[in-house]
Amino acid sequence: MKNPYLRAVWAVFRKDLAAEFRSRELIPAMLVFAVLVVLIFYFALELDVKARTAITAGALWVTFSFAGTLGLNRTMSAEKDQGCLDGLLLAPLDRSAIYFGKFFSNLAFMLIVEVIVIPAYSLLYNINLFNRGLLLVTLLGSVGYVAVGVLLASMSVQTRTRDVLLPVLLFPLVLPVIVAAVKASGGFLAADAFTEISPWLNLLLVYDIIFLAAAFMVFDYVVEE
Amino acid sequence: MKNPYLRAVWAVFRKDLAAEFRSRELIPAMLVFAVLVVLIFYFALELDVKARTAITAGALWVTFSFAGTLGLNRTMSAEKDQGCLDGLLLAPLDRSAIYFGKFFSNLAFMLIVEVIVIPAYSLLYNINLFNRGLLLVTLLGSVGYVAVGVLLASMSVQTRTRDVLLPVLLFPLVLPVIVAAVKASGGFLAADAFTEISPWLNLLLVYDIIFLAAAFMVFDYVVEE
Amino acid sequence: MSPQPRTLKILNLVSLLLLVASTLLVFFYAPTEKVMGLVQKVFYVHVATAWVGMLGFVVAAVLAVVYLRTKDLKWDAIGLAAVELSLVFFFVAVVLGSIWARPAWGTWWTWEPRLTTAAILGMIYLAYLLLRQGIEDPVRRARFGAIYTILGGLSVPLTFLSIRLFRTIHPVLIGSGGGESMGMTDEMLHTMFFHIAAFTVIFITLFWHRIRLAQYAEKVEQRKLQVMQ
Amino acid sequence: MIEVTKLVKRFGAKTILRGLNFTVQPGEFVALLGPNGAGKTTFLRILASLSRPSLGVVRIAGYNLPAQAAAVRRRLGVVSHQPLLYGDLTAAENLAFYADLYDLPQPARRIEEVLRLVGLANRHRDLVRTFSRGMQQRLAIARAVLHNPEVMLFDEPYTGLDQDASEMLDTVLKNVATQGPHAVVMTSHDLARAENLATRFDVLSRGQIVASATPAQLGSNNLLTFYKQALEKAA
Amino acid sequence: MIEVTKLVKRFGAKTILRGLNFTVQPGEFVALLGPNGAGKTTFLRILASLSRPSLGVVRIAGYNLPAQAAAVRRRLGVVSHQPLLYGDLTAAENLAFYADLYDLPQPARRIEEVLRLVGLANRHRDLVRTFSRGMQQRLAIARAVLHNPEVMLFDEPYTGLDQDASEMLDTVLKNVATQGPHAVVMTSHDLARAENLATRFDVLSRGQIVASATPAQLGSNNLLTFYKQALEKAA
């Protein structure tokens, strides 16, 4: 890559993936956790009796949200633990490159998990989830979730109570994403008319753009002292 | 207290409560998190449309389970971070006293959260949850959950991946507790005959006893080197 | 590299023969089931692999107790071997079960007590592997692994009980016609028991090989240390 | 006071301590020296009953480890580079907590006493979180001596302390060590400090004590040469 | 190379640095001494552009902080007591990652070079997680000098290192510092090491540089007295 900015984004992204590929600790944990959430939902909410499409979409997104916080927490605290965050901040580049690198690696982890959980869910509940619309929603929703998540995780790992803080900070902010993603996924699964779904898709798109832009602008303040 | 064993249990318990009372960081976070989970359920699973008693019980217990891991993770990592665990282990007492101290303080945190969340839920969804049976189930379920949880949290904080490991280890093991608690709570809320509920209560009781006994026996191995 | 002991060589051969024999039995001895036809033949391997999988988990729990008693890392390595091997057999059983469930119950998966327990059991042992992965110190890894297998062993019967209760109180939507009501001929029963026996032997053989592998890994580790010092 | 014979400690395939022999008499202050990774911390953790020996006999104050661990722990005071204190409690609360664990008879009076000993009497109501590194280390020492232990183990108590704090620590350690017939074992990379305090220097290398000397045997100011020769001989 | 005038740093109501003035010429190796909590780490973090000054002017290599931070960072090498390395990557991968961030022209060759410089050439494929404390510190230095910085900042690089590792570090630091007209600022509580390396000693106390001296002015072996007098005068 010629552009130093892009090269830095790419370097951070590749580094995270290489570390995960070496240790293989995060993605398997997220996957097992996701399956456990689905199992618990089954028992607690008796999902199968009325496996309506709306419930399916909701259960999937709650699962992704919870599994997502695990990933975010872990990749950011790995940076913090040996002071590696400082190492990144010492590099002569725009700090937003770090943000985008982390954004892409977390997005990759989340998408990998989703790409495995969706067919598994499909099998377990005997619902056909192979639907192009659903994939689009998954992508848009994950982008919004991770965009805010990386920003907040970089803040929460710098606090004393980092174990507990991230979900408390994150969930209220990403609630619009979750609601829109649930609605849009539900719509696609119920084969609703596109005109009914498109407001939700637009909302997701707007959210993604606004929060990526906002994160781009405020990330500097999150990491500086 | 005359008995040194009980005195040690009491000291650990009181110390945890005093620290929490000072810093006020854990219980508020657990509460906010619990409310957020309820909210997410509301939006994602459209709980209110069919807020049947069975769903209520399930939603409550999923909320408690997730909030519980936050508390467990935090109280154990607070011990680990400044090496305080070593400080406890250096004291001339049976190690199980440490386990029981931690067990009671975590149980207290969990019960406090539950005692606040249940009426809040009651208000939000306009369901009457003031039911002596429900309180009994809440107590029995929390005991089982915390009994296993403290043991596993003492293990998970000693691993490299402690941020992500606890729920992955804990959830498959406490599934019987969650299932039984959901069923028994649901039964009490639906005013089912006691004969229908009693198998679940028995299961909870058996689980509590077995796991408290097991933890008592293996806790030594968790902390020794 | 020490050569394989005689017994193991014999076991290799016996396992191979048993595998061939059981395959032959399935196709030439056991009658083809009237309703489901050929798919039903998956049944024998399904039952045998599921049984062997369970066996390994029980062995692992026993070895965990032995490890905590003796503190000999050998038992930990053997316990890990048992879990890994069992997970493989278990996975095969689940896949075969699914393949069979599709025509038998009209679905790949249903929340029937045994299947659900199986899923949770699988999760427990995957969690066990993740736990081990997060610990570098081999002694602590062994200790925590042992504790977790014991807790798992305690929890599984309770899980099964809870799911049984869960299911019997609520009506089961699908699959009530399968299972016990299936008429099995004597030949089918013979074939099934033969499979169970054969797979037990195969399991033992593979287990042995896996233990030897662990021993080699241990030796390599020691050599590495010697070189480094 | 401390008697260790043929101690072996393995972590998996790695052997860290290889048949180590070590004795400390009452009143001795032993400085345990050795390179990074020699196993000093490991050895102290075994003495502190936090870690189990793989083989060998460890006797402390007449009790065997790990069999009579509880009796040993009652006679043991440990300071490691981590303070082992709760940031959200005050200094006095921290000590009161440990007094409960050790089941001390008159906790309030004893706590006042040790706080005065380490010079924190006027800060006893402050949260430990707000203490500086040096003050935390002092409180850690107060915690370690609270129950009047006969055997004391210090693992790099000077790490990260400045000159003043180090000198204060010198005084406290001397005070503590001379209050009765204590046995003290301390590890440190700071040879100058060790030289100041210790009545014996032991060098740990390759899993064994490879050399041992008293200040009298050394003469003045050549601890460094002694240490280096010991390591060379062992290599 | 470094010019700091009237630097003030506040954390909330606490003022840590109170109008500090500080200059370093190319080729100087400044040892920054001071008690715990004096603000040495805070000061180095400001120089490293990791923390913003509350007031005052900071110029490094001709650029202003924090306005021209990116230009400054390109000319800066930092070693802190944490290694800033990824345990799950190999030594070479860690350096390759930083080479990418610094956009170095011929990364492979430069990585080989610095690995040789710190004596890790034959361990470049091992995971950093398996490195000892001393080896990690060496690699941290390799990381810091990778882009050939003109200004180097070391925050207690010796903490927790043993004699051997410390001597190795001495050599590496001398090598590094003498490769061209570098300016080096190092904090340390280990006066002996500082004395060995530095061409100037500055004492930071109460938020200001209260004393400064060169080895020539000091004569031999009285850095400790100089340091103590400086602190007393300031008090």
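By written order: A, B, C, D and E. Residues from 1 in each chain.
Keep in mind that, in the parts below, a residue touches a chain if its C-beta (ideal position, glycine included) is under 8 Å from a C-beta of that chain, and two chains touch if they have at least 3 such contacts.
From a predicted model like this one, the values you see are computed outputs, not experimental measurements.
**Q** In this assembly, which chains make contact with chain B and also with chain E?
**A** Touching chain B as well as chain E, we find A, D.
**Q** Mind listing the chains that sit against chain A and also against chain C?
**A** B
**Q** So which one's got more C-beta contacts, C-D or A-E?
**A** A-E
**Q** From chain C, which chain is the farthest off, judged by mean CA positions?
**A** Following the centroid criterion, the farthest chain would be E.
**Q** Where centres are the averaged C-alpha coordinates, which chain has the largest centre distance to chain A?
**A** Between chain A and every other chain, the largest centroid distance is to D.
**Q** How big is the gap, in whole Å, between where the Cα atoms of chain A centre and where those of chain D centre?
**A** 48
**Q** Cα centroid separation between chain A and chain E, in whole Å?
**A** 38
**Q** Could you work out how far the Cα centre of chain B sits from that of chain C, in whole Å?
**A** Distance between chain centres: 32 Å.
**Q** Multi-chain contacts only, two chains or more: what residues does chain A have there?
**A** As it turns out, chain A has residues touching two or more other chains at 23, 25, 29, 32, 36, 39, 43, 46.
**Q** Give the residues of chain C that touch two or more other chains, as numbers and ranges in rising order.
**A** If we look for residues of chain C contacting two or more partner chains, we find 120, 123, 127, 130, 133-134, 136, 139, 166.
**Q** Can you name every chain pair that touches?
**A** A-B, A-C, A-E, B-C, B-D, C-D, D-E
**Q** So in the complex, which bits of chain B are touching chain D?
**A** The contact residues of chain B facing chain D are 4, 7-8, 10-12, 15, 18-20, 22-23, 78, 82-84, 86-94, 224-225.
**Q** Flag every residue of chain D that touches chain E in the complex, lowest number first.
**A** Touching chain E from chain D are residues 34-38, 132-134, 156, 159-166, 189-192, 224, 227-228, 231.
**Q** Where on chain D is chain C touching in the complex?
**A** 11-14, 52
**Q** Show me the residue ranges of chain C that touch chain D in the complex, using the header's touch definition.
**A** 71, 73, 137-139, 218, 221-222, 225
**Q** So in the complex, which bits of chain E are touching chain A?
**A** Those in contact with chain A are residues 45, 48-52, 70-74, 76, 78, 80, 82-89, 93, 97-98, 100-103, 127, 143.
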